[in-house]
Structure formats: C-alpha cells, structure tokens
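Letters are used for the chains, namely A, B, C and D, taken in the order the chains are written, and counting of residues starts over at 1 for each.
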Amino acid sequence: MDAHAAHHAVTAAAPAFSSRPEDIAWFILLLPLIAAAGITLLVRRSNFLAATFSLAATTTAFILSFVLFLTFGLGDATAAATPFAWLHAGDLAVNLGVTVDKLSTLMLLVVTGVSALVQVYSLGYMHGDRSFPRFFVGLSLFTFSMLGIVLADNLVMMFLFWELVGVSSWLLIGFWYEKESAADAAKKAFLTNRLGDFGFLLGIILIWAAAGTVNFAELSQKLGAHPDLLGNLSSVAGLLVFMGAMGKSAQFPLHVWLPDAMEGPTPVSALIHAATMVAAGVYMLCRVFFLYQVDPAWPVALSFLGSISALDIIAALGGFTALLAALMAIQQNDIKRILAYSTLSQLGYMVMAVGCGGPDAAMYHLTTHAGFKALLFLGAGSVIHACHHEQDIWKMGGLRSVMPKTFLTFALGTAALIGLPPLSGFYSKDSVLLAALENGHPVLFGLGVLIAAMTTFYMVRLVLVAFLGTNRSEAAGHAHESPGSMTWPLILLAVPSVALAWLPLGDYLRHHFFSDHAHHAAAVSDEISVGASLSALFGGLNQILFEPFNHAPLPAVMGTGALLIGAWVAVTLYWKAERDPLPKLLGALARGMKNRFYFDELYEAVFIPLHDLVARFADGFDRWVVSGLVVRGVHGSTELLGRTLRILQSGNLQTYTFLFVAGVALVVLLALK
Amino acid sequence: MPALPDLLFYAFAGLTLLFGFLCVANPLTRNPVTSAMFLVLTICSLAGLFVLLNAFFLAAVQVLVYAGAVMVLFLFVIMLLDLKEEERRQLNKVALGAGSVAVAVIAGILIKAVMSAKPAAEQLVEGTTKPLGRILFTQYLLPFEILSLLLLVAMVGVILLSKKELK
Amino acid sequence: MSSLTPLLLTPFLGALLVLAVPGNYRVILRALALLTGALTAFQAIALFAGFQGGSAELQFVQQVEWIPSVGLSYHVGVDGLNIGLVLMAALVSFAAICAAWEIERQVKLFYFLLLVMTGGALGAFISLDLFFLYFFNELALVPTFLMLGLWGRGEQKTYATFQITLYLTLGALVALTGLIALYVMSGVNSLDVLVLKAALAEKPLSAQAQTLIFPLLLLGFGTLVGLWPFHSWAAPGYAAAPTSTAMMHAGVLKKVGLYALIRVAWPFMPVGVAEWMPALALLCLGNILYCGWVAMRQRDLALLLGNSSLAHMGFCFLGLASVTVLGITGVVVIMVAHGLLAALSFALNGYLFNRCGTTDMDKLGGLLRQMPFIGTAIIMAFMAGCGLPGFANFPGELSVMFGAWKALPWFVVAAAWGGLIIGGVYMLRAIRSVVHGPAKAEFNHVSDANYWRRLPFLVLLAALLWFGIQPDSLVSRIQPSVVEIVKAAAPAPPVPAAPAAVAAAH
Amino acid sequence: MQVGLHHYLVVSALLFSLGLLGVLARRNLLVIYMGLELMLNAANLALVAFSRYNANLNGQVMVFFIITVAAAEVAVGLSLIVALYRKRQSAHVEDLTSLKL
C-alpha cells in the first residue's frame, strides 16, 4: 500500500509545465546552472564568451525575478510551481518544488541583483587571470545554489542546495588553489560548514520523523494545527536546524571560517558576504520560523532549560557573535578582514533579530546589508586592485583624492552600515533594535546599541585610515581609479544602500510574516503595490524618512546616539593618526581582539588534534591489532601448524603406508560399529 | 575325525600362511631370492585351496601365471639388480614393531568382520573351465577384449621403460 | 524485447574471441574487448529502460532445467533489487575495459580475465538460483586473484594477494555453508529463490535454524563486502590491484555479497534479522566511523579510497539493519551509486599512479593546473564520496539515514557524523593534497587525459550525475521489490515507521 | 566343525595381513612388491570363496581378470623398479625420499 501511494505520487508529480507564471521560477533557478554547464562544456577557452554567458544568465534571472516580484511579491498570492518528483521511497517523499512568495521573491531580487553586479565588477577585477572562465563558472554555480536555497519548498531540497552552496563556496574561496593559504581556507570553510550541516540534517530527520513531511507548507500547516507535533523534541529540532544556520551564517562557535574566506578573490568575498552564503542561514531561519513559534519543550535530559526557548538561545548566540566579531573588527588592519568581521557582527545582529522573534527585521537588515556590504567589499576590492594587492589599511591613506568614485561610494556604504539616517542601514538596524525591545529582550537591546557604537567606531576608523590622511606606502601613492566595469557596479550599489529603505520594505516583510497578526494589522492595512510604493517614495517621503522617530523613538534615538558616540571616539583617535593608538590604550585586550580571541588557535590546538587522535588510534588499531595481531596471528598460527605437520612428511613410503593403513583400519572399525 | 577335504583345507591353509610368513618375514635370511621362492610356494598352496573350492581352472592359471611367469620375472629382476645391500643394513626395529602391531590390528579387525557377518546360504558352484569359459566369452567379452589391449599397452610400456636411453 | 541471456553471454563470447586472437595483436584485442564491453553496456541500458517500474514482479525471466534431481536450473530474471546493479555492473565493466590501457604485459590474458569477471558479475546479479549466484560470483572472484597476483603493483602485492584470496575464499565458504544449511533445512530440494520464497512463506524456518543460519550468511557475505572487522583485506588489496581490477572488484563484485544478503538472508530469516540486528548495527559503526578514521590517517590515496569505500559499505549495513522500505531502498541506491563511484575513484587513482608514478599524497600536489580534466574529475568524485548532492550517493545515504532513524536514532547520528564530517575531512584533505597547492616541478611532464581516455570517466560521471539528479528513476524501480523484502523480513509488528506514515497520509 | 566360507575368509584375512606386514616392515622394493602380490592373492582367495559359496561364477571371472591385470602390473612395476635402480643405484625405500617437501 505504501509503495502504491508512493508510485501514485510519482505519476502525479510528473513534470508537466503549464504556462503558470510561477513556473518561471524554474527558469530563474536553472539559468545560472545552464550558464555554468555551457561555459564548462562549450566555451571553456574564451574569456569573453564565458563572461557573456554568465552575465546574460544572471541578468535574465534578475529580470525574471523582478517579474515574479511584481506578480507575487506585491500581490498577496503564495504559489508553488509545478514540482518534480525527486525521491519517493518508503514514507519519505521529496519533490523538487519552488515556493514563490514575498520572502523568496525579495530574496531572488537580492541574490540575482548582487550576483549580476559582482559579475560585472569581476570583468574588471579578474581581468588577465588565466582561469577567467573558471571564475565565472564558479560564480554561476554559486548563484544557482543560492537560488535553490531561496526557492526550495522543502527541507531536504534546501539541504541539498545548502550543500551545493558549501561546495561552490569551496570552489570560489579556493579559486587561487595554488596558494596554500587559499586552498586551506577553502577546506576550512567547507568543513566548518559541514559541522553545521551535520546538525541541520539531524534536525531535518527529527522533524520528518515526527511530522511525516518535509514540505514547508505542510509542516507549517500541521504545526499550526498541532503545536505539540514535535513533542518534547521541538526545541532540540529547532536548535539542530539552527546549527545549519550557524555554519552558513558563521555564528559563534562556527564563525572561524569566514575571515579566512577572504583568501578568495574580492568579488567572491562580496558575493559570499553580501547576498549569498552567509545570508542563507538567516534566510533559512526566516523560512522555517514557524518551527520556533511553538512552546519550548525539552527532552528529559535537557529539562533544566525549562522555559528557555530555542529562540532565546539563538538570540543570545547571535548577540554574542555580534559583540565578539565587533570587538575583533576593531583591531584588524586588513581592509577585507575588517569588513569580514563586520559581516560576522551584522549576521549576529540578524540572527539576534530572528531570536527575538523578529524575522521581518532580520530579513530587512539582510536585504539592506546585502546592498551596502556588497558595495563595501567591491569598494575594498577596487582599493586593493588599485594598490597592487596591498590590503593593510596602514599602508594606504590619502586615497580619497586619487580614487574619488571609489571613495564616495565607499563612504556611502559605510554611512549605510553604521546606520546614518536616512540611509537604508539606519532603518533596518532600527527595526532589529525595535524587535529586541518589543519582544522583551532589554539586555539584547542594550547589546545591540553597544554594537552599533562599535560598528561605527571601526568603520570610521577604516575610512579615516585608508582614505584620508596621507599615503603611507608607495603602492598607495601610485594608486589610480579603477576601470568603469568596477566603478559602475559601485555606483549602482550605492543607490539601494542609500534609498532601499525608503520603500516600505519593513511593512512588506511584516506583512509576510505576521499577516494574520492583529498587532501589525494596522501597519499593513493599506494595500501595498507599485503604486503605493511610488506614492510613498515621492509623496510621503518625509513621513517615511522620519517614521522610526515617530513610531518608536527609543531605539531610533539610542541608535543615532550610539552612532554619534562611536564616530566621535573614532575621529578623536584616528584623525590623521600614523599608527594605531589602541594597542597602547587597551593592552592585552587589543592583542586579543587582533588575534580573534585565539579561537582559531584553540580549535587548532584542541578539536582538530582530538579528532586526529581518534583517527590515529583507529589507524593504529587497524594496523597493529586487526591486520597485525589478528590477521597476522591467524596467518602465523596456520603457518606454524603447517610446519608442524610438515615433520610428518618424511618422504618415507612406508610411513605413508602405515598412516594409510591406520586410516583404513579406523574407517573399517567405524563401519563395524 | 574330520572329512578329508577339511583336513586338506587345514593343511593348505597352514602351508599358505607359513610360506607367506616366511616370504615376507623370514627370521633367518633377508635374501630376496629366498623370499621369491617362498612366494612361489605360497602361491602353489593357494592353488591347492582353489582346488578345494572347486575352482580348477583358476588353480591352473594361478600356478601357470603366478608361479611360472610372474616369479620368473621377479627372479630375473633380482638377478639383474645386485641386491645384496639390504642384508648389510640394520633392520628398523621401530618400523618392524609398528608394522607388526598394525598388521595384528588389521588382522584382528578383518577376522572380527568376517566373524560378525552372517554365514551365507551354502549353495555350491563348480568352477570348471567350461562354465567359466562360457561366461567369460559371453557376458564378459568386452572386458576380456579390453584386457588384451591392457596387456599390449603394458608390454609397450615395459619395453619403453626398460630401454636404457629415453629419447 | 531485450533479454538477459544474450547480456550474460556477450562477455563470455567476447572472452572466447579474445582467446582466439594471437597475443601480439594488441590493438585488435583491445578493440574486441571494448566492443564486447560496449555491447554489454548497451544491452544493460536497454534492459534498464525496458524495465517496468512500479511492480515487484520479476521481469525478463528465463528458466532452463539443469539437474532436476537436486532442483538446479538456470533461472535468470531481474526485479528492482538487481536491475540497477546490472546496469551499474555493465557500465563499470565498460569503464574498466577502457581503463585497461595501462596494462602492458600479457594483454590478451588480462582482457580475457576481465571479460570473464564481467560475465561472472552479471551472472551473479541476474541468477535467481542461489547455486548459480554463488558459482558466478566465484567465477568472477578467481580472475580477481589472478589479476592481482600477475599485474599488481607495490611492495605489498604478494601479501595483499594472499590476504584478499584467503579472506574472500573463506568468506564465500562460510556463506556457502549457510546456503547449504538453508537448502537442507528448508527441505524443498531447491536453491531457487522463488521456490524457497514460496516454501518458506508456507512453512518458515524454525527460529533456531534462522538464528544459526543468519550469522553464517551475514558474516560470509559480509566478508565479501568488507564488514568490520573482516575488512582488512580491502584497502591493501585495492592499493595493490591493477586499475581495472580494483574498479571491478570495489565497484561491482563487492556488491554481490550485499545483494545476496538482501535477496536471501533478509526475506527468508526474519527472526534471524531481529536477533542479529543490534550486532549488525554495531558492526556497521565499525565501518562508518572506524574505517572513516582509518581513512583520515592514510597518506596513500589508494588506501584512503579503499577505507572510504568500506565506510560507504557501513551505510549499506546500517540501512539493512533498519529493515525499513526507505532504508533498504537507500541501500540499493547506495550499491549502485557506490559501484559507479568506487570505479571512478579507482580509475582516477590508477591514472594518477600511471602518470605520476605514485599515489602518495605527500608527494602529489597542484595537479589541477597540469591536468584540468582529471583534476576536475577527482574533485567531483571525491565530493561525491563525501555525499555531495547531485551525485547518486547523496539520495542513497539520505534514504538510509532517514529510514534508520526510527529504529536506530543514535546510530544515525554517528552515521551522519561519519558521512558528513569524517568523510568531508578525509576527502577534502585528499583533494587539498592532490590537486590543490602549488604546482610541483616533478610533475611538469604529466599530461591530462586525451579525449579517448576521458571516456571511462565521463561514462561513470554521467551515470552518477544522472542518478543523483533523478534518483526517482532508480528508486521507482527498486522500491516495489524492497517492499516485498521488508514485508517478509519484518512481518509480525509492521515496520515501526508505519504509524507515522499513516498519520502522514491523513 | 565343517569348513565353510568363514574359514577361507579368515585365511584370506591372515594372508592379507602377512602381505601388509611385508609392505610395512621390509625395506627392499622387490620384497615389498612381493608383499603386494600376497595381498592381491588374499583378495583372490576371498573372491573365489565367495563365488563358491554364493553359487555365482562372477567372482571367479573377477579373479581371472585380477590375475591377468596383476601380471601386467608386475611387468610394469618391475620395469619401473629397474628404471629407478638405474637412476638411483638403489632399490631401497629409505633412499627414495623425493616425496619429502
């Protein structure tokens, strides 16, 4: 009966394309894959064609995403495109399907948009690299994997693309594989992610075992009907799934891979840190947020956790990651590493927002962050490119005058990141703080404000040291503005960094997550549409710009205050500074910050040797006991027996006859009995 | 007083065993020629037993083939090879002892087997030449012919083996 | 209408033809062998395509009485359990013949043995009479030993040959004992699977007989697969074997043991399964974790691959121990996938050995620049080896883990750790030290595979990708037969998953 | 007691044992060979006796065959011994140990 049902499902799910609009999601998903395959198989040797393929695919995907966004994002409909049967065995049924709703269409835009710009930028940045086509294959593959996560309509499919993102990040981080450090960083990123995936997979199995399905829509419906469906494992399942996010979104303690991932080419860093890989974790948490909306329940062994929910733990971890990363960022000198830690910190922020029960705030911040962080990374790449791959900010300086476009856009990105009103970062950060405050996490709110101040501090430090002042090295002296293919993406990205939040994005997301929630009903009562957005942009600009101050003044004011304090301290310390004054002021703390609080060293000293030790033991056991003692023992004793028996083989005919006769006698005797 | 055939049986049986013993384990000499001579005597006594069993034809063949042909062959070979050596060698006492024990055991077992078997229904048959010839040339014709082939093969083989230089 | 007998006869005929060609006509020998391999592969593909999914019925059945008095007959047929394996065996055989270009001595004998091996493997998979299954398996194993001894490489060659010969012969012997016991105790005077099935459904074996015969079969066939702790023949054996032999054995012949277990031990001895399941679960951890750890420590690529292959077999045993439709379906998928993957990995390993003269990972490095094709294939194969989606291993391992969860949750945790983490560590280390890193001067001369030599890699990669992206094309064929097996193997209390499945259906 | 089948069989068994003793105890190949002949003859005696007491001539036919084959066998065996002696200059079993590993 079981098999019959499964068989039935297979035939039912046979691919049959209707011309439904949601089915173009399939094209969006597959376009980058086709580009990657096409480049590999057809135009491996042509730089120009490879880039054309890849860019054309991504741009088309972006346009299609926009169409989808207009159809579904702005409407109220949620659609699932025609699924393909992937695996139907026993009581597991996995289809490859896509979900098209507000969340995924927005994310589609972010991913394809940033990806397209990064690819344009790469035209300039990677110019002359001998593996230029391979780079575009990697980018396309990465985009494909990420789109898969965005569109996935079930946990297994998400896990599938989750792994693919892991491997494509490995490909890109290790792009310059001949560099030992790059190859090592790629390996580290992949393996750290694998640790997270381990938990994620177990979480999926746990959920499936209890609920009997992995489909998001069905799960959400079932959980809505039976909140106790997962029994006393609900919180554990939530945390296990969160482990996946911990890996991809680099949350403590799996954060160590992300700074090392800077070994990849800068466009890769931009893609990974802005729109794709690290965003995946947060996006996934938002996608399965319904899992966390049940009451906390722990198995007996963990019952001491009592009423602490999985979300609380997530929020705390997010906050801790944000703080830790911000502290580390303060003492970094490598321009890309500063940005990397800043990404870590902002991701902690987003995870904290999810943990505080504000997935909308998290997604909001994710979206704006994607814009300005891509901008910052590409800007940093432009600087590095100009300074002949010099990455130390203390060897730069005075770049403002020679690279005006880069400086301007970088400054805008910085302003957005530190949350200067009315730039986009301000609004999203404000919504994160608001979520913490509103949902009863005052400590985390305080932490958020503190981190906001620290963010401002290290970003202002970066800008002051790298762009202002005088040049401190020859490389910086010879710097010149980057080519148009690199500056244009910067300019294009500056637009959303500044103005993204002027669109009613917060309401849009709130509508997605809490459409049935009375609390937010008022905010979304008016129909959101293109028209409304446009009218909001031009007519109610004033209202939108200062909305946070009117709506919830405390976080807005605190956020702005933190910004001012952070900026003031940074300017005091670093205005025309020639050397970093902080190590003297802070002593051991600064050393700790600089050395990432020795986490890498700790892991390298403890966990890796521990696993190696077990492996060494197993190997030794195999070598000495199993194939040594046992196998060789058997072998040896057999040989010994053989040597003993050989003595009987005297070659004397009559001895043999004697034995033969004895044998015959024995047989006869037995026969007589 | 037992009947004559019984007396004859005991006589021939006794002789057979005695000569047999002297053939293989003559306590006085270990000369192969002596052994061969006792073997001839054993075979002749055995022929006597065959006669007692009314197998006249076989008795004749036994004497002709064994005592005549085979023994001559043995003697030829003994003469051909200079076999004085064994007499100089010491008898292997252990082998002799073990051999005797084994033989005793085997003999015991065989006799026990013979005795434990039920005596067969005593229908007697005459093994004269005529019925034997009839059965040999009717029922056993094919084996008989094959046997002739075997003898031919043996002859060729022996000639080949005895040639001094094998090519 | 395709048929099984021609498929079986093709390799043997090819072997005979090879014998008829004089040994110094190497081109003709190779062409002949390749033609045979290609013909076999095409027939298998046609068979796979013609196989009707969704039914547990045996298809393409042919039966000829042989010795009626002991119930022996030539009886072949395929159902879900073996159709995928037949396809896999044919593809791997073709690839192995392609990869035999490295053989320089006694080419004729090598191709002859390789073709006999191919025929034996196919015969073992399609035979429904257990006697023939056993016979064909041995027929394929004997060439393995010969090839290892005659064309093997490395200092450990002789010892490895001895070891593999003894282990596998002993394993087969133990299994044979089990089969004979089954033959005697079932009392039906036949080793035909269908006859046994019908008879045992009427009158099952006594519980005592089951608990006695089951471990014989498990350990016997398990040794053929490399069940821990009877695994130590595998890695050194594969390291010493010529490329084609390693491909054939690790890919195809190893699966015969598992196949026989699924075909015989599970459905006919439910009590035995229940009795020995905990032990099997523990042993499979030995494969997954222990062999994984051992693989982590290897510096020789071939030894690493051998141990990783054992670790994959652990997943099969875990799935078998679960006795669920999902788990055992996963096992069959893994068998197919791992067959392709192991063949691919050993083909790559052989290519490296041939070109670079070593498979020591400390000496290799930076090969991606020199050999973009082989390097990419290595990356893909090793990534598939640590369970990357898109390759056929992933759905298999996923099914096994899902299927085993309800019965053996903690074992699944360990398996996930073994598959995701340990597998990831050693595979990435291997990639890192073989293809990544700075290019080394001593490998400046090595060349990438030309188009002709890419063929085996492409065939195997294509099959892996196809089943990875479309696992349902395999699963829909496998599942109905597995349902039958599970029904027989876990009768009284139905599969523990059933209540949840019912709940899910509502 | 009337002489019957058993008597003959006992004689046959004893004769067989004597032959065996020769094979086991003697060192000269020729004498060993004679021991073998004795054993053959013992078997012949048994066969003839069975034939006689079972009213069946087949046994005697068998003996006839055995005698013929034995003749051939003796010829071949002796020629082998001669050949062996030529090669090794000995017909002594203790000198012939090439069966030893």
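FYI, a contact is a pair of C-beta atoms (placed from the backbone, for glycine too) under 8 Å apart; a residue touches a chain by one contact, two chains touch by 3 or more.
Predicted model, so just to flag it, every value in this text is computed and none were measured.
Peer 1: Mind listing the chains that sit against chain A and also against chain C?
Peer 2: A chain counts here if it touches both chain A and chain C, and no chain qualifies.
Peer 1: Given the two chain pairs A-B and B-D, which is bridged by the higher number of C-beta pairs in contact?
Peer 2: B-D
Peer 1: Approximately how many whole Å separate the CA-defined centres of chain A and chain B?
Peer 2: That gives a centre separation of 99 Å.
Peer 1: Can you work out the whole-Å distance between the CA centroids of chain B and chain D?
Peer 2: 6
Peer 1: Starting from the mean Cα coordinates of chain C and chain D, work out the distance between those two points in Å.
Peer 2: Chain C and chain D have C-alpha centres separated by 59 Å.
Peer 1: Centre to centre, by mean C-alpha position, how many angstrom separate chain B and chain C?
Peer 2: About 64 Å separates the centre of chain B from that of chain C.
Peer 1: For chain D, jot down the residues that touch at least 2 other chains.
Peer 2: 20, 24, 27
Peer 1: Return the residues of chain A touching two or more other chains; collapse runs of consecutive numbers into ranges.
Peer 2: Only 654, 658, 661 qualify.
Peer 1: Two or more other chains in contact with one residue: find those residues in chain B.
Peer 2: Residues 95, 98-99, 102, 106, 110.
Peer 1: For chain A, which residues count as touching chain D in their complex?
Peer 2: Touch residues, chain A against chain D: 646, 649-654, 656-658, 661.
Peer 1: For chain C, which residues are in contact with chain A within the complex?
Peer 2: Touching chain A from chain C are residues 53-54, 56, 163, 229, 231-232, 236, 289-290, 293-294, 296-298, 324-327, 329-330, 366, 368-369, 383, 387-390, 394-395, 398-399, 401-403, 405-406, 412-413, 416-417, 420-421, 424-425, 428-429, 431-432, 435-439, 470-472, 475-476, 478-480, 483, 497-498, 500-501, 503-505.
Peer 1: Show me the residue ranges of chain A that touch chain C in the complex, using the header's touch definition.
Peer 2: These residues of chain A touch chain C: 2-3, 5-7, 10, 85-92, 156, 159-161, 163-164, 167, 170, 174, 177-180, 183-184, 186-187, 190-191, 194-195, 197-198, 201-202, 205-206, 208-213, 611-612, 614-619, 621-622, 626-627, 630-631.
Peer 1: Spell out the part of chain D that touches chain B in their complex, as residue ranges.
Peer 2: By the definition above, chain D touches chain B via 2-11, 13-22, 24-28, 30-31, 33-35, 37-38, 41, 44-45, 48-58, 60-61, 63-65, 67-76, 78-83, 85-86, 90-92.
Peer 1: In their complex, what parts of chain A are in touch with chain B?
Peer 2: 654, 658, 661-662, 664-665, 668-669, 672
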